[in-house]
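Heads up, there are several structures right after this.
Each of the next two complexes has chain A plus one more chain, namely chain B in the first and chain C in the second.
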Partner chain A sequence: MGSRTASKDIITLRGSATIVSEFFGYAANSILYNRGIYPEESFTKVKKYGLPMLLTQDEGVKSFISGLTSQLTEWLEAGKLQRVVLVIMSKATSEVLERWNFSIETDAEVVEKGVIKEKIDEEITTGNNVEKGVIKEKSDKEIMREIQAIMRQIASSITYLPCLDEPCVFDVLAYTDKDVAVPFTWMESDAKLIENPQMVKLHSFDTKIHKVDTLVSYKNDDWDEQ
Partner chain B sequence: MSSPLMRLRDREWQSPAAQRFIDQGDRFIPTRSMMNLDFAQSSLMRQPRRDGALVDRPEILTPKEEYRRRVEENWTLDSQGKPLKMLVFRGSPRKSHPSVLLVDEILKEEREPTRRFRLLPESADRILDGPELIDDYYLNLMDWGKSNILAVALGRSLYLWNAANAMVQLLLTSDVDDHPTSVAWSVDGKTVAVGFTSSKVEIWDAVALQQVRILEAHSARVGSLSWTWNSMLSSGSRDASIANHDVRSFHHVSSKLKAHTGEVCGLKWSCGGDLLASGGNDNLVHVWESSKMGSSKYLHRFTDHSAAIRALAWCPFQPKTLASGGGTADRCIKIWNAETGKCTNSINTGAQVCALEWNRHQKEILSAHGYNQNRLSLWAYPSLAKITDFTGHTDRILHLSQSPDGSTVVSAAADERICFWKVFQPPPPCSSSSPGLDDEDRLLSLKRMHIR
Partner chain C sequence: MIQRTPVQKKRRPDTVLTDHESPVSDRRLVLYETPAPVTAVDPSDEMVCTYHCRQMVKSDFLLALNNAENQVAEYEAKLAMLNSEFSQSEDERNKYKDRLLSLEQELDASKGREHALQERLLKEVGDSMMRYKDQVKRCCELEVQLNKEIESRKNAELSITSANERSRDLEGKLHRLSDSSEREKNILKRQLEHLQDDSKLSSYKIAADLERMKLRAENSEKESELLRDQLNDLRIQLDECLHEKSGLEHKLLTYAAAPHESASEDNNLVKHLREQLRNYEAEVQEARKLKSYHVNTELLKEKLLEEKGHREKAETELSKLQEVQLHAQNLELELVSWKSLLDELPDVSAVTDIPKKFAALQNETIQTMLEVGETKAHLKQLEVALEMSEDKRQHAEKESSLAKEKAGNAALEVRRLELMLSSVTEERDRVRKEAIMLSKQKIGNEGGLSTETLVKDMESSLVERENTIKELESNLHEQREVVHRLHDELRLLNEQLSTEKRKVKSLEREGDRLRSEISLLETKLGHGDYSAANTKVLRMVNTLAVDNEAKHTIEALRAELKRTQAKLQAVEELKGQSDAANIIDGGIPEKLAQLKGQIATLEKREERYKAVFAEKISVFRRACCLLFGYKIVMDDQQRPDGIPVTRFTLQSIYAQSDDEKLEFEYESGNNTNIVVNDYASQPEISHQIEIFIKKMNSIPAFTANLTMESFNKRTLS
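This part shows the complex of A and B:
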């Protein structure tokens, strides 16, 4: 470990927030593609996380997701985001069919201490107090591998999720701390829960500052229960 | 199979759709209204000098506050017991668009502070005699048409009272063993449909005062009627069925809906003509889609009332919002979202609810009550906080209808009196006097018709 260049392994709060919100952007795109919410033709392939990822080319969806991620970044940097949920609903009945749940655990210490020095200088001490930002280490590669695993799981989820055989729409919910001022583009909402859902836990990833757990819950298929 | 592009547009209806936002319909409206109201509210609060003005609604919450209050009531804690806020992303603000939605218009008007205060009348503006008005909860005997003529059935006769010049005309008198049980004006105000206890429905030309045709579709009295804009007439009967008629075609019955098990006493088409609400003596409310009238498959069935429902009213400013009121055993006004089929609010009024009318100029709803408080009540929407009561009738108030300009409400009660109330009138502009009922130009002028 000691032989590595230190600056590469350091993740700042801001960097972590960017990684996490970027992940949400790609994850949302991937879910929309894999669940067929928008037609295949409106997506193009890019390489990301060592995987071919699909990104929507539809201007409306694009601007929606970019608006979304920029707000999420802001909240992540402030450590005020607890959870992001992508809800897939039937267009006709607004019935919630699937919830893609991303819970976020933020390292409170990092957020409180605020600014993290980009450069580590372990030796700087003033008096008897050690004055330095909290520094968490984890290599980019490791994080990327974890995200890659989640993305693979999202893509493979179509094998067990029930078919969405009707036109669907999606909503994005954010669970934030109570003291967050509601931005202009957001409004308070109910949880849009699914009654008696099936749940599948997916992999999680951890930047050492933000830990993201992924869970998909979906409508119980009455059909095979009886 | 439609082309992929069409599918995309189809699905975009709710989720982001930058270019197609304007014609997307209603999905984005609540967001805007919430946001704008918040702004309006805060700008109002910052001007305390208005406190001394005519504040006739002190404790009433704006929809935003009401919503917040309710969210906070049902506050949830996360797994660690930490309070949290749930937010939903609604895309980027689209300020550049001209406001074409009615709600925007309403909100714009609401921001003018003068619109928030108005004097409410203490007594009826005008009282007419209504001898022999049948005291029957299940009948709908009065309707005020778009041509500004009030049709009211008194005993065996149907009278037309012209609100512009107070002239009365006798339209019809039925046979001795028969009497009108329901009256409804067509949307254009030129035709009036009359249901009878003998189960027939007559269509009358109100200009020529001539009968146009007779529709037979039921086996018992027809207590409720409702027209849509495209000459479709729906009739509800004591035989528990609802018939849809195309009054222009020879075989007029286009479909029959059988889902109620009691007399259908409330029937209302929504403003857009896409949804039909029916209320029955079986304590049920059904919502039907105009596109799926072929089968007796309803869109929603509301079972929350515990008495007959004859009071039904669609919200004129919020699509797919229905208000319903129950009878003596129920006494509740309930607000429904016909999109989701959920009850969004309910209030026990303490009296039989006979009729409901929405205010088209303010977010308010007026209810008429019978046993045991014979009064009209004005409620704020969506909080359902009571604004005031209007008393004057001495027996149960059975019928309500509002004038074409939405300023005046007429009530007919079992005390055989017909009272006119200027409850919905917007505050008059400073420079001009308020219009009288005998001033037809003013009354029907488009300037005053904020919504339609």
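This part shows the complex of A and C:
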């Protein structure tokens, strides 16, 4: 006869925004490492999402990403962020070579009402040979598992993405609502699109407040075209 | 053949048959009784007659006896025959009984089987009715689903027509957009031309300004050279004056040693000294002017540097202008491409309409995406319903096949039962006939009554069986009709299923088409397209590249600045020590060596002059202090508004503390103002300031008065 005690995984809008922005920070670092934007020796290993994640030690990149994630958190809490795109461009020609697209769907009700979404696990009792069904929406473990899957896919993307033979730089674009006030460290920009790209859809993860879909589009390699 | 009804015997006269006894029926032997003796006959004759009669009678009796014996034998034979026949009939009767019993058993068994079959058939009928009801319900549900699908298909067709209409509208709008884009392109071209002209004009202006500033710088350099020459002359004069001063001092000393000489000469000397002092003061003022000019030259140099910076900026702007021109060319190419796009795009007349059009298109795509999502969901529902209907169809087919099998089995059973019935009826007829025959035979014999009752019972039972068989037949007929009806309904259901299959296939084709549209729209979304009406794209200003570039540029600019500063210092030194302004070009090594030698000698001279000047100045200051009673400290400062000012700090030799200091600011132009400090803000001092400086505008009177007062205080204390 076994029993499991009840536990509540409460997730708030702020918590979900933190999870998403943190995910973006780690994903950006992973992309920079895997695509060779910065040298390997400038990265250190840390444990996150049950995986060894690589974080840059370049102060400039660090400060850039930290400022970015703080602003993304703010926009996510306001429900104003629609998409975040990490763009990889050629340093010499400023041509866009890759776009890592993270689309975000926000639960408008949560943003409006500030409702706390509870995720509850009910007891499973088998004392009287009566098993109640587990009413379980999602747990933090599930979210971490989904994020882990995405990180694995990012790491394995080097198998099909074309090689970046030339020095490249990266930039981050944020697709926000039209009524968002532009902070003084941000400015409006073009979408930096790729002409006739190849696209690969990756996994997504859902915190029940924010759903993040990942997609990478890249310029057709000349070898592939030939 | 055994006669059932034996022939009646002929009655003999000799035989005495009682009425009560029936020899035929009982089949008993009739004893012959001797006849009664005849009376009333002659005794002799009577004796002969009687002998003859007796003999005749005896013969007759013998004959009759023989006949009777023959008859008895015959009768016995007949009896045996009858007995045998009777036994045979009894055997046959037993057989028929047995057969009847067996038939009854079989009938019972068949009855039981029929009952069981009936029950089974009733159950099957009930089950088939239930299944029929279920199938009817499912048919109703499927009809409802069909209606829903038809409605959804109609809605989809309506949406398709509306989308087609919208697409036509969009095409018209794009045509309009193309025209407006051409106009705006022309406007942009004109603006570009204006900008280019403006940039050229500004570059010319900047070049002209640069030249002017260059000329000014050259003039200021020349002025600075002249001023330096003047400064050198003044320094020489100062040296001469100092020499004269030293001579005068010697003279004064000699005059001090010989105090009895004439007062007029002293007065003359004093006058001369005063004049010299005035000259020195004038020279000091001139030196100050020179210093101010020097400061102005430095300012001019700074302005020159600024102008150089402006020139560099103008040059960079020129380079940027070229970049702008390139950008304009790119823009023109983009405009051409946009124009071609606009030609392709319908319903676009002006450039301003393009974003609206794109926004509208994106809204439409979003709406179509939503619709596609809805149709997707609907498709999924239909797929689920299709799967369910297919399962139901398969189940119904299975059930129909099972029902068919059961109906076949029931039909087979019915046929078997019919065959059995036919065989039973044949047997019954045969038994009936035999029973009739037996009854007929038994009527002739005495023991026939029981068989008739048996036959009657059997007949009655047979009649009952026939009735039950008829009932069963009627039930079977009804069940056949039910089975036929079920078959018809199954056929109808199959037809409906086939139509639904066709509809499902068409829906699947629509679903595939919608999926392809969804994939196209997803590619567009993944491409990065967005609705400008609802979305804006932001990026960080201080990106790493910009920071790095800025850092690089800042470092490069700093290095350049240092180099230019070093160059300027070298140039200044060269300009200050040589007369030729073209030394900066410095391409000739001999001249450079000469100039460097000159620079070195001039630097040494300057240092010497500075040292001498410092000595003289210190002597002068001490003299002033002794003569006028104030220690004077001179300090050059700059006000917040940029005006250079010389600050003099005066401390009386009779001051009782170090805080008793007066501060004066001297501007170029002979403006001397007192600076209010703690000491000056004291009531006594401020009162004197008001009287002597503000009212009488005389600083020497103030200082003299202050000196007297402090002297009096000192001496009195």
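Quick note on the criterion: the second predicted complex is superposed on the first by the 193 of 226 C-alpha atoms of A that agree within 3 Å, B and C clash if a C-alpha of one lies under 4 Å from a C-alpha of the other, contacts with A are read in each partner's own complex, and residues count from 1 in each chain.
The rule we apply is simple: contacts are C-beta pairs under 8 Å (C-beta built on N, C-alpha and C of every residue); 3 or more make two chains touch, one makes a residue touch a chain.
The structure presented is a predicted model; accordingly, all values stated were derived computationally and were not measured.
**Q** So, on chain A, is it clash or fit between chain B and chain C?
**A** After superposition on chain A, chain B vs chain C: clash.
**Q** Is A:59 in contact with chain B, with chain C, with both, or with neither (first, second, both, neither)?
**A** After superposition on chain A, A:59 lies in contact with chain B alone.
**Q** Determine, under the contact definition given at the top, whether A:73 touches first (chain B), second (chain C), both, or neither.
**A** A:73 sits against neither chain B nor chain C.
**Q** With both complexes superposed on chain A, which partner does A:197 reach: first (chain B), second (chain C), both or neither?
**A** second
**Q** Would you check which partner chain A:180 touches, where first means chain B only, second means chain C only, and both and neither mean what they say?
**A** Touch status of A:180: both partners.
**Q** When the two structures are overlaid on chain A, which partner does A:215 contact: first (chain B), second (chain C), both, or neither?
**A** In the superposition, A:215 contacts chain C only.
**Q** Who does A:168 touch here: chain B (first), chain C (second), both, or neither?
**A** In the superposed model, A:168 contacts chain B only, not chain C.
**Q** Please work out whether A:41 is in contact with chain B alone, chain C alone, both, or neither, and reply first, second, both or neither.
**A** The answer is first: A:41 touches chain B but not chain C.
**Q** Taking the superposition on A as described, I'd like to know which of chain B and chain C A:101 touches: first, second, both or neither.
**A** Once the two structures are laid over each other on A, A:101 reaches chain C alone.
**Q** Which stretch of chain B would you flag for clashing with chain C, going by 2-10, 20-28 or 272-280?
**A** The answer is stretch 20-28.
**Q** Overlap the chain B and chain C contact sets on chain A and report the shared residues.
**A** 60-61, 64, 67-68, 82-83, 91, 169-178, 180, 182, 184-191
**Q** What part of chain B is in contact with chain A in the complex they form?
**A** 4-5, 7-8, 10-20, 30-31, 34-35, 67-68, 71, 74, 76, 78, 82-93, 339-340
**Q** Give every residue of chain A touching chain B within the complex, in rising order.
**A** Those in contact with chain B are residues 37-42, 58-61, 63-64, 67-68, 71, 82-83, 89, 91, 93-94, 167-178, 180, 182, 184-191.
**Q** In their complex, what parts of chain C are in touch with chain A?
**A** Per the touch definition, chain C meets chain A at residues 522-523, 525-530, 533-545, 547-548.
**Q** If we count contacts the way the header does, which residues on chain A are in touch with chain C in the complex?
**A** Contacts found on chain A: 60-61, 64, 67-68, 82-83, 85, 91, 99, 101, 103, 169-178, 180, 182, 184-194, 197, 199, 201, 215, 217.
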